[in-house]
Amino acid sequence: MGWREIILEIMREDIGFRDITTAAVIPKNMELRAEIVAGEEGICAGVEEAAHILKSNMLTVKEIMKEGTQMKEGNVLLEVSGNSRRLFEAERTALNIIQRMSGIATMTNNAVRIATKVNPKVKITCTRKTVLGYLDKKSVEIGGGDPERWRLDDEVLIKRNHLRVVGSVEECLSRAKAHASFTKRICIEVNNANDALEAAKNGADVVMFDNMPHDEINKASKMLKDSGLREKIIVEVSGGITLDNIEEYAKHDVDYISMGCLTHSVKAVDVSLRLLLGE
Amino acid sequence: MGWREIILEIMREDIGFRDITTAAVIPKNMELRAEIVAGEEGICAGVEEAAHILKSNMLTVKEIMKEGTQMKEGNVLLEVSGNSRRLFEAERTALNIIQRMSGIATMTNNAVRIATKVNPKVKITCTRKTVLGYLDKKSVEIGGGDPERWRLDDEVLIKRNHLRVVGSVEECLSRAKAHASFTKRICIEVNNANDALEAAKNGADVVMFDNMPHDEINKASKMLKDSGLREKIIVEVSGGITLDNIEEYAKHDVDYISMGCLTHSVKAVDVSLRLLLGE
Amino acid sequence: MGWREIILEIMREDIGFRDITTAAVIPKNMELRAEIVAGEEGICAGVEEAAHILKSNMLTVKEIMKEGTQMKEGNVLLEVSGNSRRLFEAERTALNIIQRMSGIATMTNNAVRIATKVNPKVKITCTRKTVLGYLDKKSVEIGGGDPERWRLDDEVLIKRNHLRVVGSVEECLSRAKAHASFTKRICIEVNNANDALEAAKNGADVVMFDNMPHDEINKASKMLKDSGLREKIIVEVSGGITLDNIEEYAKHDVDYISMGCLTHSVKAVDVSLRLLLGE
Amino acid sequence: MGWREIILEIMREDIGFRDITTAAVIPKNMELRAEIVAGEEGICAGVEEAAHILKSNMLTVKEIMKEGTQMKEGNVLLEVSGNSRRLFEAERTALNIIQRMSGIATMTNNAVRIATKVNPKVKITCTRKTVLGYLDKKSVEIGGGDPERWRLDDEVLIKRNHLRVVGSVEECLSRAKAHASFTKRICIEVNNANDALEAAKNGADVVMFDNMPHDEINKASKMLKDSGLREKIIVEVSGGITLDNIEEYAKHDVDYISMGCLTHSVKAVDVSLRLLLGE
Amino acid sequence: MGWREIILEIMREDIGFRDITTAAVIPKNMELRAEIVAGEEGICAGVEEAAHILKSNMLTVKEIMKEGTQMKEGNVLLEVSGNSRRLFEAERTALNIIQRMSGIATMTNNAVRIATKVNPKVKITCTRKTVLGYLDKKSVEIGGGDPERWRLDDEVLIKRNHLRVVGSVEECLSRAKAHASFTKRICIEVNNANDALEAAKNGADVVMFDNMPHDEINKASKMLKDSGLREKIIVEVSGGITLDNIEEYAKHDVDYISMGCLTHSVKAVDVSLRLLLGE
Amino acid sequence: MGWREIILEIMREDIGFRDITTAAVIPKNMELRAEIVAGEEGICAGVEEAAHILKSNMLTVKEIMKEGTQMKEGNVLLEVSGNSRRLFEAERTALNIIQRMSGIATMTNNAVRIATKVNPKVKITCTRKTVLGYLDKKSVEIGGGDPERWRLDDEVLIKRNHLRVVGSVEECLSRAKAHASFTKRICIEVNNANDALEAAKNGADVVMFDNMPHDEINKASKMLKDSGLREKIIVEVSGGITLDNIEEYAKHDVDYISMGCLTHSVKAVDVSLRLLLGE
């Protein structure tokens, strides 16, 4: 079914058979107009998805703010109109999507700003530590990050557990190149400088320094540069990186900084629905 | 389809056709054993749901830790075994569910502890500002909170937008009692003391003080007590309440404290999968 | 998926790949107009649902008669037009929904009329002995009844089997109040006057006299009145009540009369599709 | 999805998130045993379908009574055991299916007995005036009837509305034979003796006398016999036939009697769940 | 869900989250126009289904060529316009459906032409050796063949494996007539002349000569004619019949020739999408 | 839902409500054993998928032959046992999957053998001209080919239509590198030698020579070699390549040969179900 259906199903579970409050207190055929308004600063995301939710409940929607835009308190993101019962049924789920997606986009954007101040070429990426999968990753993109792989089948990413089973970086990469389609890039997580060098020597496209102390990162960078392999690979760094410590990681010679917190510990951006009565 | 199917669909989207990394580097019929381990303190939640995910991918699961238990770093929550490809496919989604649900349960539990220290009878409740709907609310319950209504059809909750359309608290309640089934409780949000009193006089079961300053809450409490109506209703307080300010709200004469942040701004609890090789 | 999808699926099963009769004998692009007409008296219900079915099969629909209206033989409920093959495919399922829902609404309305002649304040309610679940309960509402709980999670209803397991009315109610959300009402079935009194004393919101002889109902009513608890609870009566014996039950001091037959033994109201050829 | 999924979906809608009563008053891990017992006489049907429902909710089931068996008050149809919460969740939907399907089978069986007393060769069949589609038709079969066509694509059935559009019986049959697959039988509804004869002459496999007065039926029978075509066709009679008037229809020279009431106006057979506590 | 949903699901799997190529290189809001063009001769089929796919992805479609038409290289089958990303996402699946369905229709049509040159009354039919089920059978119809039964429940077809279990043709037919609905035709596969005669004597509607040598077919035809039963039955021939040998089979006294290859070994007809830039 | 559900849905459509033949002629509780047997030579594929189909219909399966194995007439691929009605219901769909998937694997394998005889390093790949999507591509892999991209989001593949819209190879590649995730490879179709060189110069990972005459391929190869860029890219050739002409293409300096016919024009491999009666 996919994410389009997932968010509609979340709405359906939230509605149940009907909004009994609205059914009891609001006249059946009343039409209403309303707007979704930002309650604080942030990067706008989720408007398309909220529109999908509202339209699927037979409301008319006008998207006002483009995803990726910087929003301020009071900015209108979207206008919606239609039957009052349909509106109150879909309101909450639509707001929930915007507040989460904008929260992710905003945190990503903050990470980008902090990191590029130190290292203008470095980029931010996220992990598969998501809740809503694709929508979380799309929010990272909107905030200026790279979504990394979408799922388990679009990049080879050899992780620590694979390495433990197989035994060596060389053998892992040898098998990956033999068995994976030529259309896939090959990435490998390493946690020390020697493995980083071995990975680069054995044809990894991307080498991810995972949970490595700053000293070890420096050592790996030097070994890669000295061996002349640095230009042939993409270097990514990951493991416990947050807005508080990202600056230190950005100072290294790395191409991508991967942050799990962008999608697993989201702070919602405040948005709400304002009815336009007699306006 | 419901939440059981939603989390499986999230897993299916994450897997795609197959885990190409594992398919390339791990032998096809290799069996593995592993355990899911806490990486920090918190209240355990999501183990049943993670087990549902893992089992649906044909793995054998033993649930070790009961939901609601206080967990410490290193505690084993769940054991899993089976085909290595199935294991690596389902691992991430299972962990994602546990880390979010435990995050919600942990924050709820902290709120309960802070609030009841000041006011032993007060209880914590959440809102519909959720991402995963039922699972978020279940996590609040596991943490010691009350889930409030599950959806729009199991309690009448007259909110500010309803009141704006209808015009008066009295009229809202009159309509609710006339049109809603006798099996539903009636709750109404008010934002000043006069409306609180009017709600109590007109038969509300629950009066929710929403975004009211502390002075106004005190005034409403006094008016309710003086009128002899305090005992007939349940009093709930809501609006911008977080772990930082909950103590002040708990000091009032209220029965329930409602917190949106419990489900809209979750901090994940760290959990990971540890392979048991040759153990 | 829910009831909207259930009735479409019932239609899809009925169609199969196509209506081979219409495909064989009617020209492919012929447009037709038709109306759904009542064949006998009754309360109109199911027009919205029939319209949902017809529209989903790409027909144009105009709803003529409002649900809850008294209809007479020959009254037009709905007009429909569009491709002849689409029309003949969807016709039967649309009629099936109207004839059942109107049948339920009609029987409910008869029950309301008989009961309120004797006891103007008494109301009619139904059970979960349904076939189509929500649509059956909605039909009861249209006929003037109360749908009781929608499902197992929107009211606590302690039934005989729960009581047998737990042992006492008091213990049942004590557990219900401790563990259920404050947003839910608590109802308990009793089959004798002593239990009715115990239920009222222990805080039940609703006491249901189930399968109690008329003498026992009288005894219970007296005990409740004498104890001063009658006003604090809602009294419901149930068990084998039909149009033939409802009058006797309405004479008691009860608030609600619950009737399983309204939804488990429905007599369809006759409706049919009349083609408008050359009209 | 089909009927298997439809009845599970009806159950899921009935459960919602959980049975809050059982969750509140019954210990979480309590195991229970129970049996489904007939409350009155009838033909047993729906046990397989009830078992499907119960098993899908993780209960253990033993089917005791075979479908089609004559049951008496107190007979056990099915034994079920398992977790108490799962049991109370699925109970009602399972009973609802049995009470409807047995109701249909019982009424069909009564029709068969009445009709065959007068005309030993005559058979009973039903229409597409169903609620649950296949399950209603299967119940007719269990009661000794013929289900007629399953859906719109397994028999050509030219009805009055087709005839009105096309103009003549001859043209209808000519088109049906030209365009329908050779694997399908061709049936046509007629409402007078002349059309019956025309149908037989033009190669109908089945001629259905629909809403014809007894005189006209006699006339048609005579014309068919006199023309020597009676043996080449199957004769069916339909239109407002109930248990009250079926005997009169059975006296005619007809092969099948079609009854809409078998599935559109069902009287449920009483069945209930009896807990086996300490037995 | 059915075939409409199956082909959309095939498209969804093919798209994944989005067409990353188009997203990267084509402006987001660019509108495009294009046409689907035949690359070689054949019988047109699948245009309606392709339109269903394209419209479901929010494109505007105009069907140009009717199914069943003879097409030549360069003929336009369908015009499509809309958002460029939506167009490139749906293009391939739409083409895949047309190329397969037209391939089946074209091969069927060739079979019809070859066979009817020899035997003008003979007709072509297919088997259940399909990939897409209904769509394959519909393509056979478009090419001028008969789809035979749609599925296992719309014709009784006694095959060799049934005969092996039951033991005799007579017993098979006796059971079929006793237990199957009167609305179904009865077909039986035989592999020798004696069984063919026994089938005709025992009331089969259709006798299928399966994998019988030409001599045996001749013998069976003679026995049927001599016994006077030939006119009472439909004769079908099947087993390894292809375009290469169909002429020999068409020379026999048979009504239908059944060909598995029409749907199990399809040669796609070449079609492609031509962008209309600045035209 | 995905391919697992697609093939079950295809089976469900094929069954309908039940196999009326088996229901009529075979005793209800009869158990049967059978094996699926190859009727000709080929590469075995689809056994896992057939097992999924059979098991989902409650049959017991033992997979005998591994996918990728060379099979000969009479080889047993799979054993199956269980209820006779379940077996006859699922038989055809299971066979249909094996015969198609083995057909694809066999043709792929033939292509591999022909091509590698001439050019031992060249590999075979397929296109998105599929019917069943993933299962078709998996069959290509089983036959020794590379599946190319799974769907539109796992590789950037700039095709002729993209190039026509954008204007130049350089601009296409520039946009692709700027906007696509670093985890994706970039492939571009070209139809002349100059564009091939431009693609290699501008950082394409894969250059696909599409529908280029042999002369032009030679010219492109020379230009790439002369410029020293040949080693930096993967070269793929495509366009109208079949078993008849593949040898000529294999002689070029190319890494991959892409063949649409592998999945759009499949010749089924003959397999059938053999009942084991009294064995």
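Every chain is named by a letter (A, B, C, D, E and F) in the order it is written, and numbering of its residues begins at 1.
The definition used in the following text is that a residue touches a chain if its C-beta (ideal position, glycine included) is under 8 Å from a C-beta of that chain, and two chains touch if they have at least 3 such contacts.
Here the structure is a predicted model, which means the values were calculated and not measured.
S.K.: Can you tell me which chain lies farthest from chain F, using the average of the Cα atoms as each chain's centre?
M.R.: C
S.K.: Which is it for copies chain E and chain F: same residues on both faces, with over half shared, or different residues?
M.R.: Shared-number fraction above one half, so same.
S.K.: Calculate how many whole Å lie between the centre of chain A and the centre of chain B, each centre taken as the average of the chain's C-alpha atoms.
M.R.: Centre-to-centre distance between chain A and chain B: 23 Å.
S.K.: When the C-alpha atoms of chain D and chain E are each averaged to a single point, how far apart are the two points in Å?
M.R.: The answer is 33 Å.
S.K.: Measuring centre to centre with CA averages, how many angstrom lie between chain C and chain E?
M.R.: 46
S.K.: Taking each chain's centre as the mean of its CA atoms, how far is chain B from chain E in angstrom?
M.R.: For chain B versus chain E, the centre distance works out to 53 Å.
S.K.: Going through chain F residue by residue, note those that touch at least 2 other chains and give them in order.
M.R.: Only 1-3, 16-17, 134, 150, 153-155, 181, 184 qualify.
S.K.: Which residues, counting only chain C, touch chain B once they are in their complex?
M.R.: Residues of chain C touching chain B: 1, 123, 146-150, 153-155, 181-185, 187, 206, 234, 255-256.
S.K.: Under the stated contact criterion, what part of chain C meets chain A in this complex?
M.R.: Residues 2, 134, 138, 150.
S.K.: Across the complex, what residues on chain E touch chain F?
M.R.: Where chain E meets chain F, its residues are 1-3, 5-6, 9-10, 13-26, 30, 32, 84, 88-89, 92, 95-96, 99-100, 103, 128-134, 150-159, 161-162, 164-166, 172, 175-176, 178-181, 184, 261, 264-268, 273, 275, 277.
S.K.: Flag every residue of chain B that touches chain F in the complex, lowest number first.
M.R.: Going through chain B, the ones touching chain F are 12, 16-17.
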